[in-house]
Each structure stands twice: as C-alpha cells, then as structure tokens.
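Multiple structures follow.
After this come two complexes, each holding subunit A, first together with subunit B and then together with subunit C.
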Partner chain A sequence: MFSRHISDRLAAYIEEARDANLIEQHLAECERCRAEYVQVRTGIDALQHLPLAVAPASIWNSIESALVGSPKRPVFSPWKLGLATIAALIIVGGAYWIITRSNARWEVDGLAGSPVVGTQHISRAGRVGAGEWVETDARSSARIRIGDIGSVVLSPNTRARVLATRPQEHRIALAHGEIQAKISAPPRLFFVDTASGTAVDLGCEYSLYTEENGSGLMRVTRGWVSFQRNGRESLVPAGASCRTRPHAGAGTPYFDDASESLRRAVDDFDEKPGADALTEILAGARVRDTLTLWHLLPRVAAADRGRVYDRIAALTPVPAGISKEKVLNLDSETLTHWKDELAWTW
Partner chain B sequence: MVHLSDREISTEIIDACRVGDRDAFRTLYGLYKDQVYSVALYFFHGDQAIAADITQQVFLKLINNVTQFRGDAEFSTWLYRLVVNVCLDAARHRKAQPPIAANAKPEAFAGPASQEQDFARAQAADSVRRAVSALPAKFRIAILLRYFEGLSYEQMARALGCSMGTVASRLSRGHRILAERLKSFEGRRQ
Partner chain C sequence: MLRFAVATSVFAAVAMADGFTFTIGSPVAAQEAQFKTAAFAFRTEHCAEPAKSQITATAEGIVHGARRSVALKVAALQRPGVYAVFQTWGDGGQWVVVLKGECENETAGAIVPIGPKGFIRESSKFFPRPAKGPEVDASLKSLVEGESK
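Entry: the complex of A and B
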C-alpha cells in the first residue's frame, strides 16, 4: 500500500488501472484520497459532454493558397538538393515578384444597372485590379469576388477602390456608400479602409456603411470583425454593431437587441463621454451587454472605471484570477482573460 | 468519438507526403483536422479565428517538414508535439498582444450536424467548456490531448516533453480543478 497520498496517481489509476492493487488498498483506508478520487472521476466523466468541433472548410483552402508556388518536393541526394534549392529560390523569387508586383485581378459581377469598373461601364461582368475603382449609382449594384476567400456586394451609390490583391492581404478602400462582405478565410486577410478606420475581418459576414467623412455604421451578422484606428479597437461579434466617427474611429459596440435607451446612451457617450450617459448605460445593461461594458473600461474616465467594473461584477460572477485592482489599472492580460470569460455570454 | 490511437496511418500515405503528393496531404489533413481544430478551439476559449489559424499553422509546418519525419517515432506523437508547440507559442504571443477577438459562443463548438436539442445537455456542455477554459494552460493542453486524441500517457509525455509521472500528475490535478469549477457553476445556478 502507498504510505503517502496518491492524489497525482488517480487519473492514471482510473484511466489505465495503473498500480490498481496498491491504490485500492490506499483508498480503502484514506478518506482524503477517496474524496479526491471522486473529484478526478467527476472531471473525467464531465469531458464526455465536450463535442468534437468540425474544422471549417476554409482552413484547407487557406493551406492550399499558402502552398501555391511551392512545387512538389521529391527526396533528393545532397548535391541534387543543392541545385534544386538554387532553382527553387529562383522560382520562388520569381513567383513572389509576380505575386507582389503584378496586380491579380478580381472578378466583378454587375447585379443591377451599369456599375463602373475602372473607366468602363459593365452590364454583366468585368475585372478590377489594385488601384482601380468600382462605383455604383442610384440604380446599380455590383459584386466583387475577393480572390477565393469571399465576396463584397456594393449597394447603390457606393464607391470603392481595390488597394491590394495579394494572397496575404486583400484590401479595399470604401470611399462612401455601403458594402456587404462575406468572407470565409483565416482572420486578418481581408481589410476595408474607411476615413474613420479599418475593418479587419476575423472570419465573418458584415455590412459597413460610411459617408465620405467617415461617419458610418458596421453591423456584423456572422463571426467577428475588428474595427481599428490608431491603436483603438472595437471587437464586434455577430448580432452587434458599432458606429464609426470621423477622427474618432470605432465607436463602442453594442448588441442590436439592446434596449433603445442603452443604444442611444452609447451614441451619446461616444459623441461626448460623460457621467449621465454612462449612468444610463450601466442601468440598462443586461448580461449580454457586458460586451459594451467591457469595451467601456478603457474608454471611461479613470474615476468612473470602478462603476463599470462593479456593474459587470453584478451581472456575472467575476472569474478567478481577475482582480479589481488590475482591471482598474487596465492590465492587458487581465482584460483579455476577463473578455474571454465574458464572451461566453455574447 | 474516433481517437487517434484507433486510426491507422499507412506508411504509403506518409511516404507519399514526403515526396510532395498533395492528395496524400489532403488525406492526412482529413484524418486529423477536426481533432487538431478541437484542441485549439478549446485551448483558446472557443475562439474560432485563432483555432483556424492554429490548425492552418500546424498543417503547414507538417507539410513543410514532413521530409524530416524518419518514421523512428510515431507520426501522431510528432504531429501532437507540433500542436502543443504552436498552441503554447500562440498563447505566449497573445499575452503580449492587446485584446483580440474571442469567438466564444457555444455555437462555435457545434458542427453542422450537431444541433443540440436537449437543453440540459447543452447546459452541461457549456459548463464543461467554461471549466476547461479556466484551467491553467499546462493542465488544459494535457486534458485536451488525452480526451480528443486518446493519446497514451507515454505518447503524451513525448508530445509534451515531460515525464509520464508529470503527465499523470497534470491530468489528476487538472481533473480535480475541473470538478471544483463545475461544482461552483452548479452552486451559482441553484
């Protein structure tokens, strides 16, 4: 029999019957280890509730895209390998030059009317490359196929310019109007620049409206989008929106099903941060609205940060490892950890 | 659930991968993708974007380095050593980053055919996900490798770069913490 406690051996005993006789003798006489045995057993059994997640099909597409240009690699002898390496460097260098210097062109479908692609009106289909504009008038709309990672539909009265068509950077600039983006690719491959900041795709579907001065609205219907400007970031999940403002960038995100008073108060706060608007936001917040409250933590005055913390804590238990002091000091790791926990309710 | 240890990876597939056969890579990817994605998804608190990124990185590293695989170790051990390294590297990198997205909605974990109709089961699954998410990283990765991949203690020791005793200890402690977290969730509901 083991004379010392057997806490660290219990999983191996339960799962693989290791040292079964000795451990069973110990368990028969040790109440503490029997209690721990129940705990380990509970933990193991609980895992049966975890479903296997299905990897999105887009991952393989991305892997294949990343492999484009890398030829099949048979096993060479060392000297052949040296020659092959030189040849491969020339080929890869050439491919890189072609990819980065030339403008891969994206297909454009006319959905209604006669949108302009480059300098040409199109009725059905055209192609657009980096540096060229696509523009719709009041009676036209168009769809740009963003390589093989998704598409963007331009609503009427929209003007957008293609900026980059590289495998690792698909970027357009939205001058004015509205787009609906549908992207299925790993995060941070598709970007939309506006006068008030950049929408960074994190695997999603969303609409983005902007006026020429940058005033606008982003609404996410699937996945997540990050809106960034000068280090300030708003993370917007499906079902939520955020306003954009000239020179201010991303507004505070809120869920579309939040109360009207909360949404109005968020707008007021973003326009002119103040205690009255904050009081209204805090009063109207539900558990799900911790999305809004979490984003407010670094945006409110330091003196008001404790109120935001207290309201989140009142709505949902503060997880272990989150200290109020670190939150009030805007400790990056603590805020990330808390966001990860809160996001279960978003 | 099909565990890795239940599957046979033919030497023909590995050999075909070593000479750059894309179809063989695709086959290999198809065999492991959901397990690798699941480990990454639960390790990173349900963040689909990071899980997809991790899965892509793992398979690109695998494809780019498969010629170095000599067959003197099990393929799965090599693969899961890659998974562990990429996950832990990403976790370290994230600590130095400002907040980034977290796709932590319960739907993130469901495949197209897994519409959860039973509310109690969905609630239980949600509690377990939260409890796993709260585990310290070294316990979390050990538990996920054991559960989703069905690796033996010996395989896990090689994948994690530690002794079998350490594996046993991390699993025991991890499960106890898991049970305590679940108990506290139940307490809050009542």
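Entry: the complex of A and C
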C-alpha cells in the first residue's frame, strides 16, 4: 500500500484504473486523499460533460495564414487573444455551473438521538454534500435521502461519507456500521463503497454491514445488488446474502433459507477454497441453491468445475444452447445465459 | 386395457411437457428493475409467437370468510413472453393468483398461492387448460389450512 499521499496518481487511477488495488487500499485509510479523489473525479466528470464545440471552418484559414506568414507577425493578434479569453471564460463558467449543479446536497433526517452531519450535531434535519460525513453513535440513527431515488438509513454506530450527488452517480462510502438502502431507480445509479468492494444497486432494497477492515455482510430484501471488486462480482438477489472480506471482495452468495451446513461450507470455502467445503456445498444444494453453485463456477479450481456443472445439471435441466465445454472454459456469454435461465428457479 | 391406459398417460405427460405452459419465478428473474416489487414474474413456454399470446390474471381470495375476486393487470416486460403481476388485491386474507393464457390454438393455466413471504413455488399448480373453479377453491383451502396450523 502507498504510505504517502497519492495526489499525483489519482487521475491515472480514475481514467485507467492504474494501480487500482494499491490506490483503493490507500483511499480506504486516508481521509485527505479521499477528499482529493472526490475533487479530481468531479473535475474529470465535469469536463466529460462539456458540450463539444465544432470550430468554424474559417478558423483553419486564419491558422494557416498565421503559420505561413512573416516571422515578424505577432502570434496572437489582439482580437484573437480576446476570442480565446472569452472562450476560456465560457468553458470555466460552464464547468463551474456543471459542478455546482451536479453536487446537490441531500437531506438528512435524524431518526433517533443526535447524529453528526459534517461537524454539526443535528436533532431533526440537516443537509449533507459530497465529501461530508454522517455519523451515528450508539444512541442515534439517521436517514439520508438519496436525491430523488431513495434513502439510506444509518443504524447506530455507523459512519458514512457522501462521495457524489450527481444525477448519474449517487455514491457513498461506508466506513463502518450498518445501512439499509431502499432505492427506486434504474440500475447502476447508486453505489456504496466499502473497504472490501462496491455494492452496485440494480434496483433493490438491502442492508449492508461492514467493519473498518471491510469484513461484513450484505443481505438483499428486494431486487438485486451486485457487489464488485477488481473484476470479481457477486450478484445477490432478494432473499440472499453474501459476506464481504477484507481485500477479497464479495463472498459467494447464498439464500438465507439454505441449510446451515451449506451456508457454513460456503463461508469455509470463501475463507480457504478446498475440496471438503466444495463437497459439502454440492451435497447440500437444492434447486434454489444453484445461485451459489453458479457463482462457484469461476471460483473453484478448474479440475473441480465439472463437479459443479454436473451438480447444477442434476438439480435442474440444462437449457438448450448451454455447452458444457463452454461452461468449463468460463465463456462469459454462456455463463450469463445460464444465469438468466437459472434465475427462474431462485 | 392396462397398456392403453399407460400409453395414454405417457402421451399426456409428454404432450404437457412440450405444450404451452407457464414458468414462474421471483421478480429478479424478470431482470428489469422496475418490476422488483412485483408479486412474481412468469413467462410462457412453448409458444411460437409469445408476443401474440393472450394472458390474463385474477387474484382469488378468502377475506374474513368471504370469497373475493380481483382482476389483475398483467405487466409485459421487454422480453416477449415475460410478464409480472403486482399485489393489488390488498392485505389480509388468503390469496392465489390464477393465470390463464392462450397461444394460437393452445391454452394454459396456473394457480400460484401467495404466502407471507411471497409466492409459494412448491404449491403452484399448472394445467394445459384454464384452471377450474374447484381447483382454485382447493388451493385456497390448502392455504387457509396451512396458515391455521
């Protein structure tokens, strides 16, 4: 992990995900760099939203003339300098307008006790903006209204930071504690960052508990949630949960009504993948537990993948068009198709 | 005679296996966020032109001892042949959702009991024709007896 501040690395991380692992570990622990991350990200996003202005054809004639002309001619004539200044002011003004319009402040309701918003204790209501913290103690709780798409309730002993309040990105970071999110919006508008990964709303209601180190539990009550980290994803539907682990991201999801032995075996497998835990999972799986089995396909050793495939096939017919060979080779299109079909049994 | 009966049963099972029918699933199977609060999703099977199928749904229930029936709106999803129904029959009482479908010259029916935690997959019944009144009553009776235990 980077021990020093990473200001000069943030742009490359945002645009190219360079050193993503190390950057994310540092951001999880460095408040100053997290604040800078918000600013840099806001600036990059604002530039991307600026309208593209097409230069008039005549401008090229004047540029060519300037290049071909006498060396004694001034590079910038006064009127061109004036035009450039006006254009720069328009761009800066537009960026400022986009930034201020995009970073709305969300309402915070005090549900119990006296939660802290920013540096202020609130009794009933307050507002929180990007970069600010909301914190509850053992006797307080709060509800953050996430724009007009839903709300997040902070249980006692919870600390969360608002990272983005833009129409296309509503994002908070959960440092520790528990939240219950209720979102009514198209998918992928609401995100919760934790030390072990990001919960991406796909249209859902869920609770998410995390400790400072990222270990925790996500439980979905409606819709779906995707929990992602470094390309590893767990899709968790209503009625299911998945554990999160420090630096390992999302665990293998399982239905809450799965047998205790299966749930225990899943936890054992996620801690230390092994044949014994896998055998226990396969033996205890019902039709509905194909949710767990499907997620295991890319997580088990290649030599064990056939066992997982065979168990799913024994529980529910393999749809036409699903090739065993492609499944064993983790063909993404095949796996997605199979997941879409299996979802009818979840 | 016995051979004829066996052959007929096998034929009927095969015909039903390949005939127009429904598959039900939780709202997540619909994969469209706006349907996450639906009571359940369902799709037609073995229908050559699912977009042209005619589907209706009613909620049949017993509330405070009185029989109730509520017509439901069937929401069509983007994928042809996939639908969702929402709980618009109110709280209280015991309810089943009765599906009826027509695809070309075939019909199908289903009775989907609704429990405290949502639709009850294991108790759902499927038919190669519309469900009959006594079948609906039987499902409701099972629900009432199940909840009174």
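Some notes on this structure:
The criterion applied here is as follows: the second predicted complex is superposed on the first by the 244 of 346 C-alpha atoms of A that agree within 3 Å, B and C clash if a C-alpha of one lies under 4 Å from a C-alpha of the other, contacts with A are read in each partner's own complex, and residues count from 1 in each chain.
We adopt the following convention: a residue touches a chain if its C-beta (ideal position, glycine included) is under 8 Å from a C-beta of that chain, and two chains touch if they have at least 3 such contacts.
In this text, all values refer to a predicted model and were calculated from it rather than measured experimentally.
By the document's definition of touching, of the two partners only subunit B reaches A:Ala320; subunit C does not. In the superposition on chain A, A:Glu36 contacts subunit B only, with no contact to subunit C. In the superposed model, A:Arg222 makes contact with subunit C only, not with subunit B. When the two structures are aligned on the shared chain, A:Leu10 is found in touch with subunit B, with no touch to subunit C. When the two structures are aligned on the shared chain, A:Ala303 is found in touch with neither subunit B nor subunit C. Note on subunit A: of its two partners subunit C and subunit B, the one contacting more of its residues is B. When both complexes are overlaid on chain A, the residue A:Ala138 reaches neither subunit B nor subunit C. In the overlay built on the shared chain, the residue A:Leu335 is in contact with subunit B alone; subunit C does not reach it.
Annotation: subunit A residues 186-187, 202-203, 223-224, 237-238, 340, 343-344, 346 touch subunit B in one complex and subunit C in the other. Those residues of subunit B lying in contact with subunit A across their complex are 1, 18-22, 26, 29, 33-38, 41-42, 45-53, 55-56, 59-60, 63, 67, 94-95, 97-106, 108-112, 114, 121, 124-134, 143, 146-148, 152-153, 165, 168-169, 171-180, 182, 188. The touching residues of subunit C, when paired with subunit A in their complex, are 23-29, 31-34, 36-37, 43. Interface residues of subunit A facing subunit B in the complex, by the touch rule stated above, are 7-12, 15-16, 18, 36, 38-44, 46-47, 49-56, 58-60, 62-64, 66-67, 71-75, 186-187, 202-203, 223-224, 226, 231, 233, 235, 237-238, 317, 319-320, 332-333, 335-336, 339-341, 343-344, 346. Residues 185-187, 202-204, 222-224, 237-239, 340, 343-346 of subunit A are the ones that touch subunit C when the two sit in their complex.
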